[in-house]
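What follows is a structure written as structure tokens; I'll ask about it next.
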Amino acid sequence: MFTTEMMARRAAQEIPEGAIVNLGIGLPTQVADHLPRGHAWLHSENGLLGMGPFPFEGEEDANLINAGKQTVTVLPGGSTFDSASSFAMIRGGHVDLAILGAMQVSATGDLANWAVPGGKVMGIGGAMDLATGCRRVIAMMQHVTKKNEPKLVARCDYPLTATAVVGLVITELGVFEPNGTGFRVVELAPGVTREQAAALSGAPLL
Amino acid sequence: MFTTEMMARRAAQEIPEGAIVNLGIGLPTQVADHLPRGHAWLHSENGLLGMGPFPFEGEEDANLINAGKQTVTVLPGGSTFDSASSFAMIRGGHVDLAILGAMQVSATGDLANWAVPGGKVMGIGGAMDLATGCRRVIAMMQHVTKKNEPKLVARCDYPLTATAVVGLVITELGVFEPNGTGFRVVELAPGVTREQAAALSGAPLL
Amino acid sequence: MIGKHHDKVVGSVVDALAPLADGMTILVGGFGLSGNPEALIRGVVERGVRHLTLVSNNAGNLGKGLATWLKAGIIDKVICSYIGGNEDLHTRMASGEVKVEVTPQGTLAERMRAAGAGIPAFYTPTGVGTVVETGKETKEIDGRRYLLERARPGDVALVRATMCDRFGNLRFWRTGRNFNPVMATAAKLTIVECDSLVPNGAIDPDDVHLAGIFVHRIVHVPEHENAFEFRTTRKR
Amino acid sequence: MIGKHHDKVVGSVVDALAPLADGMTILVGGFGLSGNPEALIRGVVERGVRHLTLVSNNAGNLGKGLATWLKAGIIDKVICSYIGGNEDLHTRMASGEVKVEVTPQGTLAERMRAAGAGIPAFYTPTGVGTVVETGKETKEIDGRRYLLERARPGDVALVRATMCDRFGNLRFWRTGRNFNPVMATAAKLTIVECDSLVPNGAIDPDDVHLAGIFVHRIVHVPEHENAFEFRTTRKR
């Protein structure tokens, strides 16, 4: 099985040099820790490109934050802009890659990541714009829910974020690619068999 | 009769203190000469607000021009912006007043000012956006064409710039307000009678 | 109103907020608690207006910022993109006291940009095939389906700027910019709260982030809390 | 293409223009002869591509700038807002050698802004009841009629900036800004010609006019003609 750190490192390998990348809140944020310095440009939808690491203690600025409202820094070559311009970048296809948390991913690449049926509405935030607009979308998630229900599914029954957008899914069991009828197994985590992964998936592994 | 200078001075009286004004190419540009210093803010649709007078000789900058491509200056409090932002100001109703040249104005306030039927197409430029978007539009023109045809008309037969937009017309014969069925005479130029003006107009003067 | 671009600087938050009235739609800049017009937000509660529609990305958080409007019971409806851990909003949404319209963040920003730019409606791919599509017109353009989204204007915008000249030309600081400039363009009356007020000419024309054409009232508020939500740091 | 945001600076105009091909739609910044990417404009003629569609506010003037493309016979179609005294365009339009689509200036800018922002189409009041309406869908929204205008993307944008860092963050000078930033967002490949090339970090993040995300190739051209059209002055 992949640890969350291994998942983050694996996701980082999907980022080409010189890419513009938006990392979703939560686990995807950790992907930044595994990128070589200067390898990619991080975009934060609240209006920042060229996001740097967390500030040194004492240098926090409440008006320099990421979309998760954490204090961050800005690298040389970075820029700030308003929300309409930021989402123009996203919707317009200028952000190469989004790595987003997910609740369900379907065999056709549908993504559900903003609401649990019957649960508290947390809101949409930038999720729909990112999933729809970025040229490539990678989903990171646990392979099953806390109730052991599969999250790789034939068809999402959670509220959708966007349809036919996910190019790759990274879970603790491996790396999977939605291919229309199921998920192609790109890679299995150490010690995980195809049968084990298939048993925990709601759509065929191919 | 008004001289062109008197027309420009009369137009200047229509500009309230603190207004944002766009002055069209040609005669309207001269209106600026009759504004007290600091009275209004001049907008130029190529991307300048707070336009100042022509530069002193030797201080011309080819990249600081008005929409007529004349070298200008920028006043303290002025700003520069791109074309999309500039027309967002115009279309969004943030420019209080446009003073534009005209070829025909109709009794219902239709404006024709960009093309002569059968003539060379000079293009639209900012005319349609200005006429449509600015909160108030004042037309300045000679009362008749060179062939002595009226330019205050019941209905424009030149290609339209926008419909039902002109609030006031200033010609060498006086000041007129389109009121739906004709033109209300706001003011006649010195030595001009209502009968003279009516004889040169293509719609009733009321 | 024509010719309102003189004498924009007012002496107090109370004066700045005088034109507010019950039932207005108020656009308030900020992303969570960052880039908030803090004094204007406090002032609206003191002003005593009610039945407001609030447009804000988050409607406050941690009981601070716009969450104080929720606690004061002056909001009938919130249009936002994200609720997250804003318990003041969750509670009132659950009780039905406050109606909530949740919109994708980019669509929210673009709807206000459209309002400011005289665009009454636009097509967007965001939300197609999701609940956001419910009740909206769709159109196929070049083989892809899009939603029609409407401009979202406001009666009043409350905006935080780091620097402002007397004409209202604005500069923002880092990600404190967020929704502030686009909201400033979308309201009939835009009120700016600035950290520093400078003479005209102090900001180079090329360095203006938002032109004063969009600004109607200015109040100078030198001190701000600038509250943190997550104060994340690294070791030296 | 993913991951193209490294090593954008190229050594020459020839290198910068290598990806151009016959039949492309090219967006070229500038308002008349101001804010023109002068060396790139010259380079395109030397490059020898043909059958171009040119999107430009004016397509040159006084035989200079983009008028040289007209004279070289490399343009099939021009999309512009204003022709005025551009005799090179008048002649070729009259002879049918070049097709011309005239668009209101604000609509032209907004169509490219839309292309860059992922908005396939938008409604505008500009042009309603005029020849611009011909062949376009209209829609009544809140009692007023609007035209549907389509996004106008390009294959390549040629952009002039006064300052550029190595990531492609841009600053423009005065009204040389004009269509340059919006065109940069609307093309698959954006090539920048900058007066000065600076290291990353030399431009403060808040002072970037257009973020480098929209820029793909950079060529440093220190010297420019900056031709005047009307050199108007006042007495001292």
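We call the chains A, B, C and D, going by the order they appear; numbering starts again at 1 in every chain.
In this section, a contact is a pair of C-beta atoms (placed from the backbone, for glycine too) under 8 Å apart; a residue touches a chain by one contact, two chains touch by 3 or more.
Computed from a predicted structure; not experimentally measured.
Under the contact definition stated at the top, the chains bordering both chain B and chain C are D.
Averaging Cα atoms per chain gives one point for each, and the point farthest from that of chain A is the centre of B. Centre-to-centre spacing of chain A and chain C amounts to 28 Å, using the average Cα coordinate of each chain. Between the CA-based centres of chain A and chain B the separation comes to 54 Å, rounded to the whole angstrom.
Averaged C-alpha coordinates put the centre of chain C at 32 Å from the centre of chain D. Across the assembly, chain C contributes 110, 113, 117-119, 124-125, 172-174, 177, 205-206, 209 as residues in contact with two or more other chains. Shown for chain B are the residues in touch with two or more other chains, namely 48, 74, 80-81, 87-88, 90-91, 133. Contact between chains, using the touch rule, shows up for A-C, A-D, B-C, B-D, C-D.
Residues 31-35, 57, 61, 80-84, 90, 93, 100, 102-110, 112-113, 124-132, 172-182, 209, 226-236 of chain C are the ones that touch chain A when the two sit in their complex. Those residues of chain C that touch chain D in the shared complex are 110, 114, 117-125, 139, 141-142, 144, 146, 150, 171-174, 177, 205-207, 209. Those residues of chain B lying in contact with chain D across their complex are 44-48, 53-57, 59-65, 67-72, 74, 80-84, 86-88, 90-91, 110, 120-129, 132-133, 159-163.
If you check the complex, the residues on chain C that touch chain B are 2-7, 113, 115-119, 165-167, 169, 185, 199-201, 203, 205-206, 208, 211-214. Contact residues on chain A toward chain D in their complex (touch as defined above): 15-20, 40-41, 43, 48-50, 74-81, 85, 87-97, 133, 135-136.
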